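These notes open a run of structures that come right after.
Same chain, two partners: subunit A is paired with subunit B first, then with subunit C.
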Partner chain A sequence: MTALLALAVLGTLALGAVFAVAMDGRIAQLAAGFARQRIETEAPDRLNRDLAAVWYLALAAAGLSVVPFAPGLALIDSPVGIVIWGTCEALTIITVFLHGWSSNAPFPLIGAYRYVAIGLPVMLPSMFVLIAAALPAESLSLPAIVESQRGMWNVIRQPLGLPLFAIVVLTLTLRGPMDFADAADIATGTSAEESGAARGLWEIARAAMLVSASALAATLFLGGPLGPVLPGPVWLWIKTAALMAIFAWLGRRVARTTPSRMLTILWIVLLPLSFLHLAMAGVFAL
Partner chain B sequence: MTDLLVALLAAFAVWTGWRVFRVDSMVRASFSLMLSFVAVGGIGVLLSAPYIGIATVFMMAVEMMVMAIFMVMFMMNPAGLNPMSMVHQHRISIGAGLLAALALGAAVLLSPLPSNPVLSEADVVAELGHELLGPSMLIFETAGVALLATMLGAVILSSRQGRFGNSDEGSRPPGLTPEGEPAGRKPEGGGGHHHHGGHG
Partner chain C sequence: MRLSRLASRAPAPVFGAIGPGWQVAVERLLARSGLRRALTPRDAGILLVAGDMPGDAAEALGRVHDQLPHPRATLRWTVSHETADAVADRIVASWRDLGAIDEADLLPDQPPNEWKGVGPHGQGGKGMMGGTPYGRPMAMTGEDIRDGLQLDRYTARIGPFAPMLPPGLVLEVTLQGDVIVAATVQHPPFAQPVDADAPELCAARMLTILGLDGPARRAIHGRRPGGIWVRGAVPRGLGGIEGAGDARDRLAAFLGGDRAAVTAPDLSELLPGLEWSEAMLVMASLPPSAILRAARLPEAA
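Our next item is the complex of A and B:
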């Protein structure tokens, strides 16, 4: 069963990443990227430059491994599954920072520092959303959170949860309004000095993180593998794919503002909103 | 198997802890320290304390990211990639390090450690929650309020705006050479130092 679940995690990650890249219409671009030559910068931090994409991919896999594919069946069935996911989020911020920092060049560095400035305050609403989702289940375990949604999905009883989590997903996957790391306004930021297979792997890891974060959003808010007729994994895949499409659409349609204004929005608007969300979830759970 | 993993993680924690002082960049030092704590968190998980173990990794990830930025800022080490030494005040720090190691080592070796295996069916996470919000509530909340006060204090101290005007008014960044021109921003209004032509 463990081998089957491991296969499900890896298969979901691989197929989902292909789906994510296809939604962005970038398959040809990505494939061509692998044929290109690599760029060298002066005195880079080689360890982190070469491994940042690998860590990003590993964090996506670790995050997906706590998601239950059928009621009560997760590869890592930890009593603190949701905390493991939170840890993956925090380490993703560091990975993106190291990706930009390691090439020792201006644009990647600006992207790295800018991303951290935005990414750290995003962690706060993220934690409140995760805790709120755990409240009705009275457990930090993801299978228990799925079970608690048998009667009613969290998306209904915690209406602010999914919109707040969407911001977290866009931040973790460097997309659209939250892409302060790899945006076009700083010449693709942390990836500016990267080409060839390394760049390709980074893009694949970014797509894989979208799969992982969407699967988690489906588990937290849409009941994960719960659903009639079809088997659990199929429901999870359908919900994950739908959420991926929504997040990709949001990434394309919502404009990005300046980092300073985004910081104000995060601290003054979204953080109090997440307090309100947690309070509402608490009152509802009582 | 668990014993071997604990030993490997402990060795990794010590090695990455040692790397903190041997690397030449604040960013590398911060994340070496983070790896050390990740190993300690792993040991926590293996000792049947999953919440404390994973939360250690989570907290240290965020904390070390903040620390890396602040250290790069205060050390004036552009971007944290310029080589610099991580050690200073050698004699005092060697003395303090030896003393701390001996004291902690003695504490570990001399105190009677309980042998109290956790039952496999025990719900350790729930028990921890009851402990934190029950008997240990006062300690927990005191620490929380103290940390909040520290954060507010730090924000107020570092704020540029103040009751008597901007905090950096009339301040002059240190020179690139002793008594030399400061790097980057030039002080407003001269401040008694003459600008000798040419570039700094």
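Our next item is the complex of A and C:
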């Protein structure tokens, strides 16, 4: 059973990443990238440069491993599943930073520092959203959170949860309005000095993280594998794919403001909103 | 084999090195389907050199050329009777056949100064701050212009083909973090035709900085750009100029199809105090003719 679940995690990650790249219309572009030379900058931090994308992929896989594919059935059935996911979120910030740091050039470094400044205040609402989702289940385990949604999905009883989590997903996957690491004004930031396979691998890792974060959002808010007729994994895939499409659409459509203004919005509007969300979830759970 | 066939269907990634008078033609060209405007030379396979480059830009052009990963090709578009269709066809043909073309470096691939130091990565030695050890300028602490604390200052020259700045403009900026504390114009932007001030092109430049590539493309094609929270994303009061509103007002004017008549203050006064991303948004909100007038060389100012 464990082998089957491991296969499900890897298969979901691989097929989901292909789906994510296809949604961006970048399959051919990605294939073209792998045929090209990888550029070497002067005195790069080679270890971290090579590890950043791999690390990013590994975090996506680790995050997905706690998601239940059928009621009560996750590869890592941890009593503290959402804490493991939260760790993956926090380490993603460090990974993106290392990606920008390692090429030893100004624009990537600006992107790296900018992302850390934005990532920190995004993590705070994220933690409150995760805790709020755990309240009705009275457990930090994801299978228990799924069970708690048999009567009613969290997306209905915690209406602010999914919109707040969407901001977290866009940040973790470097998309659109939250892509402060790889922005146009710094010539694609942390990726500015990367070409060829390195650029392609980073793209794949971003896509994999979108799969993982969307699957988690489906589990937290849409009842994960719960649903009539079809088997659990199929419901999870349908819900994950739908959320991926929404996040990709938001990423393409919503404008990105300046980092300093986004910081103000995060600390002054979204953080208090996530407090309110947690309080509402608590009152509802009582 | 199948991978290479798939790869050849990808839109051709083009880095545009734009010369005097060619900004409009290149911006419209690179918004076509089948072509993709690369935001860094590292992401491009084709270097498009449009127009006659002045001699003082030759070295910079060589550096940009050498930054493209192999295989790569340079295409020149210097005669105005060659249509955009013809150039687009040439680009796509070169992209499909890039492996057979490939070009060697134009400049010697050597660091301008030897890289040496004490540690295994060339780090260390005496005097870690300031000065130019081994020919490399090092950051030195200076007063932060916002709170008076001490923070590293780093000076760099950006341009003349930086994709986020007008073609030809070379800025020497001193940054603390990503806050510009000083900016001087080393080379003014190349003169462009009045069409470069067209509202749809100005709007597209701002939309690109706002991360909206699709809407920017649609704006250039004269369609409704779409996009959510477009005006709202530009902070109120940013880049406010007497008589021309702020950057948000100018974006609203561009999106409404109006040309903005702007008399911008000198760039060395306009940019300091802004964060890099704010500064690039302000620059994109100025029509090229206004930037040309505002980019006075230090000795002329």
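One rule holds in what follows: the second predicted complex is superposed on the first by the 286 of 286 C-alpha atoms of A that agree within 3 Å, B and C clash if a C-alpha of one lies under 4 Å from a C-alpha of the other, contacts with A are read in each partner's own complex, and residues count from 1 in each chain.
In this section, contacts are C-beta pairs under 8 Å (C-beta built on N, C-alpha and C of every residue); 3 or more make two chains touch, one makes a residue touch a chain.
Since we're looking at a predicted model, the values are computed, not measured.
Asks: A:43 contacts which: subunit B (first), subunit C (second), both, neither?
Replies: In the superposition, A:43 contacts both subunit B and subunit C.
Asks: Under the stated touch criterion, which partner chain does A:186 make contact with: subunit B (first), subunit C (second), both, or neither?
Replies: second
Asks: Which partner does A:223 reach: the first (subunit B), the second (subunit C), both, or neither?
Replies: Neither: A:223 stays clear of subunit B and subunit C.
Asks: Does subunit B (first) or subunit C (second) touch A:98, or do both, or does neither?
Replies: Touch status of A:98: first partner only.
Asks: Quick one: classify A:113 as touching subunit B (first), subunit C (second), both or neither.
Replies: The answer is both, since A:113 touches subunit B and subunit C.
Asks: Does the superposition put A:29 against subunit B (first), subunit C (second), both, or neither?
Replies: So A:29 only meets subunit C here.
Asks: One more residue to check, A:140. First (subunit B), second (subunit C), both or neither?
Replies: In the superposed model, A:140 contacts subunit B only, not subunit C.
Asks: First (subunit B), second (subunit C), both or neither: which does A:83 touch?
Replies: So A:83 only meets subunit B here.
Asks: Is subunit A touched at more residues by subunit B or by subunit C?
Replies: The partner making contact with more of subunit A's residues is C.
Asks: Return the residues of subunit A at which the contacts from subunit B and from subunit C coincide.
Replies: Touching subunit B and subunit C on subunit A: residues 43, 45, 113.
Asks: Along subunit B, where are the residues that touch subunit A in the complex?
Replies: Touching subunit A: residues 25, 27-28, 31, 34, 50-51, 54-55, 57-58, 61-62, 64-66, 68-69, 79-81, 123-125 of subunit B.
Asks: Can you list the subunit A residues touching subunit C in their complex?
Replies: Within the complex, subunit A touches subunit C at residues 27-29, 31-32, 34-39, 42-43, 45, 106, 110, 113-114, 176-177, 179, 183-188, 191-196, 199, 250, 252-261.
Asks: Can you check the complex and tell me which residues of subunit A touch subunit B?
Replies: Contacts found on subunit A: 43, 45, 78-80, 83-84, 86-87, 90-91, 93-94, 97-98, 101, 104, 109, 113, 116, 120, 123, 140.
Asks: If you look only at subunit C, which of its residues touch subunit A in the complex?
Replies: So the residues of subunit C in touch with subunit A come to 3-4, 6-11, 13, 36, 39-40, 42-43, 45, 67, 69-71, 111, 115, 121-122, 154, 156, 162-164, 175, 177-178, 207-215, 226-230, 232-235, 238, 275-278, 280-281.
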